[in-house]
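Beneath this line is the structure, given in structure tokens, with notes to follow.
Chain IDs A, B, C and D follow the sequence of writing; residue 1 opens each chain.
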Amino acid sequence: MNTIGRIFRLTTWGESHGKAIGCVVDGCPSNLELNREDIQEELDRRRPGQSELTTQRQEEDQVEILSGVFEGKTLGTPISMLIWNKDVDSSKYLALKDTPRPGSADFTWKSKFGHVDWRGAGRASARETACRVAGGAIAKKLLRKFNIEVIAYTKEIAGITARENIDVSMMGIKDLIESNPVRCIDSEKAREMEEIILKAKKDGDSVGGIIEAVVLNVTPGIGEPVYNKLSADLAFAIMSIPSVKGVEIGTGFEITKMKGSLANDPFVLKDGKVKTLTNNSGGILGGISNGMPIVLRVAIKPTSSIGIRQKTVDLEKMKETSIKIEGRHDPCIVPRAVPVVEAMIALVLADHGIISGVIPRKL
Amino acid sequence: MNTIGRIFRLTTWGESHGKAIGCVVDGCPSNLELNREDIQEELDRRRPGQSELTTQRQEEDQVEILSGVFEGKTLGTPISMLIWNKDVDSSKYLALKDTPRPGSADFTWKSKFGHVDWRGAGRASARETACRVAGGAIAKKLLRKFNIEVIAYTKEIAGITARENIDVSMMGIKDLIESNPVRCIDSEKAREMEEIILKAKKDGDSVGGIIEAVVLNVTPGIGEPVYNKLSADLAFAIMSIPSVKGVEIGTGFEITKMKGSLANDPFVLKDGKVKTLTNNSGGILGGISNGMPIVLRVAIKPTSSIGIRQKTVDLEKMKETSIKIEGRHDPCIVPRAVPVVEAMIALVLADHGIISGVIPRKL
Amino acid sequence: MNTIGRIFRLTTWGESHGKAIGCVVDGCPSNLELNREDIQEELDRRRPGQSELTTQRQEEDQVEILSGVFEGKTLGTPISMLIWNKDVDSSKYLALKDTPRPGSADFTWKSKFGHVDWRGAGRASARETACRVAGGAIAKKLLRKFNIEVIAYTKEIAGITARENIDVSMMGIKDLIESNPVRCIDSEKAREMEEIILKAKKDGDSVGGIIEAVVLNVTPGIGEPVYNKLSADLAFAIMSIPSVKGVEIGTGFEITKMKGSLANDPFVLKDGKVKTLTNNSGGILGGISNGMPIVLRVAIKPTSSIGIRQKTVDLEKMKETSIKIEGRHDPCIVPRAVPVVEAMIALVLADHGIISGVIPRKL
Amino acid sequence: MNTIGRIFRLTTWGESHGKAIGCVVDGCPSNLELNREDIQEELDRRRPGQSELTTQRQEEDQVEILSGVFEGKTLGTPISMLIWNKDVDSSKYLALKDTPRPGSADFTWKSKFGHVDWRGAGRASARETACRVAGGAIAKKLLRKFNIEVIAYTKEIAGITARENIDVSMMGIKDLIESNPVRCIDSEKAREMEEIILKAKKDGDSVGGIIEAVVLNVTPGIGEPVYNKLSADLAFAIMSIPSVKGVEIGTGFEITKMKGSLANDPFVLKDGKVKTLTNNSGGILGGISNGMPIVLRVAIKPTSSIGIRQKTVDLEKMKETSIKIEGRHDPCIVPRAVPVVEAMIALVLADHGIISGVIPRKL
């Protein structure tokens, strides 16, 4: 249940304010060049405190690789990674122990497990996603061997949308995305988004948004009928990210308003290969990749932890009350969720690549 | 890969124009009262030819139970069900053998498997969903034992949307939904939807739409952190349905435009139980049910098989060409997809119910 | 739970005296030539009534392939197979409904499921193994494409052991094994075994024995560390066969009496390939194939259904009583279990072959 | 592949001479009292250097719990455990890098992965079993809540067998077993065994043996038909232990020599419960527990690492050669394997207990 994947598998563990968090990547092919920096780089994109847009928890999130890599290359054995928890202040959570924060997992975890670690949301904390990013970094390195690139970026914040006409396959796109703190593909709109996030921060409130992701250079034939469709496994992986409330592929919900004659992507020949003229399908037909870029979008709700007083219930006394959450809030999780979305997509594709036989078990 | 679920599992098999289609439900608790009619009823809601809105393939889809039930009750052993294929006319598909139909799985299946059954889309046909409905019927029967009801209906067709203010928990809601051929919750809007579907049919074109589903009476605590969230498993199951391009939970994509202070559902006490005042979360917090109705929406693209000439590629001659698909088309799959969505949700909930310990292995 | 395998998967269903039994093979690569006869041939080796040594239930066990094969080749989709139950006489079982037969699964199934099909042992009947043989026939056909042969035979019956010095890799070995009704590799000893079986039959008693199996031409590198060792998955598959009480690999229990200096198989070069001089390891080192023949042995207990009066408990009245089982007994299941053992080994190897990447998903 | 179990799952990681080894236990119910000592105690029984019978590698094997436990009780979240590698001397292994040690996994791992960690057998080292013991310690603690006790002991060393008439269910049996360094249930025979082990040590050779295990107080009904029989999952788990070459349940291979009339265990009533007079079935009928003690035996080969010169092949030069392994050998792994066998049994029973619904997800 804390594991995702069939052959290429990620298992994560750790509570937000426990001793450490970490993960185990199993099923990575042997002979893949891999070092600590490959993973640290991705973690640095996710860690808190990277800009004034995010929470100010000062985690360095330095990863250690404890197994699975020898002489700079993977062994085909489990790769264990560990991040010690450092900047931990549990005091403010004690007051909230019995009063679940609206929009958070406090109440449902308590219902399920009875005994919970109330410090920093425990295991339900988004801190767990650091381990997804660590695991995803390995998947990305593996995919790159096969020329597959996963690129995610902020598409929309609080209703402000990036322009459509930006080519994701152009050179330097990743630098462009990283060049603004919102990780928006549209630098102009990024400024507007930044402002609205800072405004929310000042108000003790939060905003949400939409992340779009594109996967380039996937060969046709990846994905398993009937249930483990590539689209289904992607939806699963992405919906498992905290705060995600929707996922759509290709033209997504908008395609429901189109006629079939328009929605169907006509097949054409391009450089001797079968391609489609449009890409409403988002690179997946019948659950299997068709060789076009895979495109999907992810709806991320506004962060539930806000500084404004909210109604809730005291579970000990079983009476209604209200709470105000003190401390450092993240007014918008979207920019930091970008590498998490990439990680989940990479994990799914690595797994499907191996199952499809496109990626061998030994490089 | 043709199996879904962990304890309560559905395996389906069969090609559209093969001898038969069928499925095996494994892991159903023993001692559940079950008979052929429980399943046939649901199949009748999905079968082709039920109204002029759907394909005119005249499948009776009569199900046979071959195992797992004895003296009217389940044994806890696999329940095998079979539907013979009858009204099969493969002739028109021969002409399309080498020219993949745009929007369909023809090309990607050919890429993946090399050898494909070109008759009636073979295994990639939506006919496979009959088996999902059969399996789902058992899951629904099981859930009903625990008072859990899954209700889906058409929310939108080609941009025409049902009104918001209809109470899904009211008595007789299922009859109301079944009372119009669109399976719309809003009988008034249903007429508009019907017209637009019939118009598309006349034009040889197709339309898509949105299905909404509500699950009532789910106790808090169902769902598994961190990856097998109830939301993630639902997204997986639903995205595996042919033609689905998006899924959202609760307020879904719209929540991305809300402030946290509005999006967070305040906790309140109601009849001594913890409930939320609003239900933006759609009944799931942190991947675990919170006791509120589970609400989700599904984007269904317009049917890819249309009667209008389309561009494609001849895969044998590797040259561009065009095709016109003859025969009976389904101008809108949405009404028939309603029981399929219900089935997938029921399958996921039955499985999670057992894993959570809410549903015992022996009734 | 009624499924075995990860990629190449067998799901079986059906009660002994129900309408039918059957199975679904999922994950078989596409483009494998396959027809009904490939499967029927193996079933004929397992079916009851083939000689006077076995039960006289006159099942023809004619298999039908319902899906997954088109134009004589596999599609990569689930292969559904069905066998109708015919020569069924449930009457004698009614008397035993509340009195579990010693040595059988009657009591434990009743404990687990409450509601059981008491006719012919229901799902706990060894009749289920027909479906294993059907699934295994496909696995064997697939393995043969890669030159891998699975050969099992009776090694011992009631303490009478076949001689050691018979070369399993010689031409015609399969015919030799099939040439006696015991399926013993040693035709001479076979006669002694036959006599002891017939004697037991006359006495209304039963005998057990040991099956040995050899797998030829497995390349090194098949098997997964650390838990899904080839040896572990073989032990799992074989121990799941009814009546099996032990499994050993290579020299097995006898190796515990040897010194390491003798037990270790020295590596040598043979035709430019690394081989071992002896094969105490039975072709598996560290859970991974080493290129030598895989050798294992299976302990099969005497059939529990016997014609001699036995003590038991009436579960309704909760008092001790005794029963005498009427009807056709199988005095020795071993000869008919030979193809079942082969099937289970073939299933495991097909699955591991695909996971290891030795067998591709598309032939 | 480095994970075992379905709901209660153990994932292990780490190479013998890497930075650390460790494991993650997922699916343990919440609210189980657990502390470091529960695990350390079991590790101390497995660690090297505990007597002169074992290898002299001086590993303290101090375990750290990094997650999943809060305020002395489990959270229901993954329990991550870590053991730093300390007394590591890789030098002697360098010489053996290209010359696989007979009887070891050197050759097959090299065949499978290409790139291997040659230091101390890397991941193929029996050091991995420390993580099994750590995970098993949690399973044992959980089972004890339900009164289930797993007891293993040395039954035979190099052909010397413990006497039969010792009652495993008597008080203080565990202390008795721990009172001799062989962990033999028979203190008298233990002395003979000790001598033969020390003799082998002096000769640079090794011996093997048989471990017997008994599980007390298992309620009837645990185990899943048809493939995940309790017996099959036990065989799988045990056969995955390094050096194991056979496993048998109840009377095991000896039952093949018995008549059915003798082998069948008659049902009787004892204190109002259904029991069997004899226990040839070893507590499992039809793959499901019958309420009698579960009994199994495990064949363990002599340690492959010995100090005597052996023939092998130089894989770089592809020519035959010979090697002599220097350093600290373990003349007999059996006594240290006793807690490993217990761990694997406990892991399987914890998992099956939860799946069967006997053990709840929340204590």
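Here, a residue touches a chain if its C-beta (ideal position, glycine included) is under 8 Å from a C-beta of that chain, and two chains touch if they have at least 3 such contacts.
Predicted, not measured: the structure shown is a model, and the values here were computed from it.
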If you tally contacting C-beta pairs, which comes out ahead, A-D or B-D? Let me know. A-D
Relative to chain A, which chain's C-alpha centre is the most remote? C
Taking the mean of the C-alpha atoms as each chain's centre, how many Å separate chain A from chain D? 39
What is the distance in Å between the mean C-alpha positions of chain C and chain D? 27
Taking each chain's centre as the mean position of its Cα atoms, how many Å separate chain B from chain D? 46
Touching two or more other chains, which residues of chain B qualify? 1-3, 7, 12, 77, 112, 123, 225, 356, 362
Going by the contact rule set out above, which residues of chain C touch chain A in the complex? 6-7, 77, 225, 355-357, 360-362
Complex interface listing, chain D residues touching chain C: 1-4, 12, 100-105, 107-109, 111-112, 123-124, 128, 156, 158-159, 200, 205-210, 220-221, 223-229, 231-240, 242, 244-253, 255-261, 263-269, 272, 274, 276-277, 280-282, 284-291, 299-306, 308, 310-313, 315, 318-320, 356
Interfacial residue positions of chain C with respect to chain B in the complex: 1-3, 7, 9, 11-15, 18-22, 24, 26-27, 30-31, 64, 66-68, 70-71, 73-80, 82, 112-117, 122-123, 362
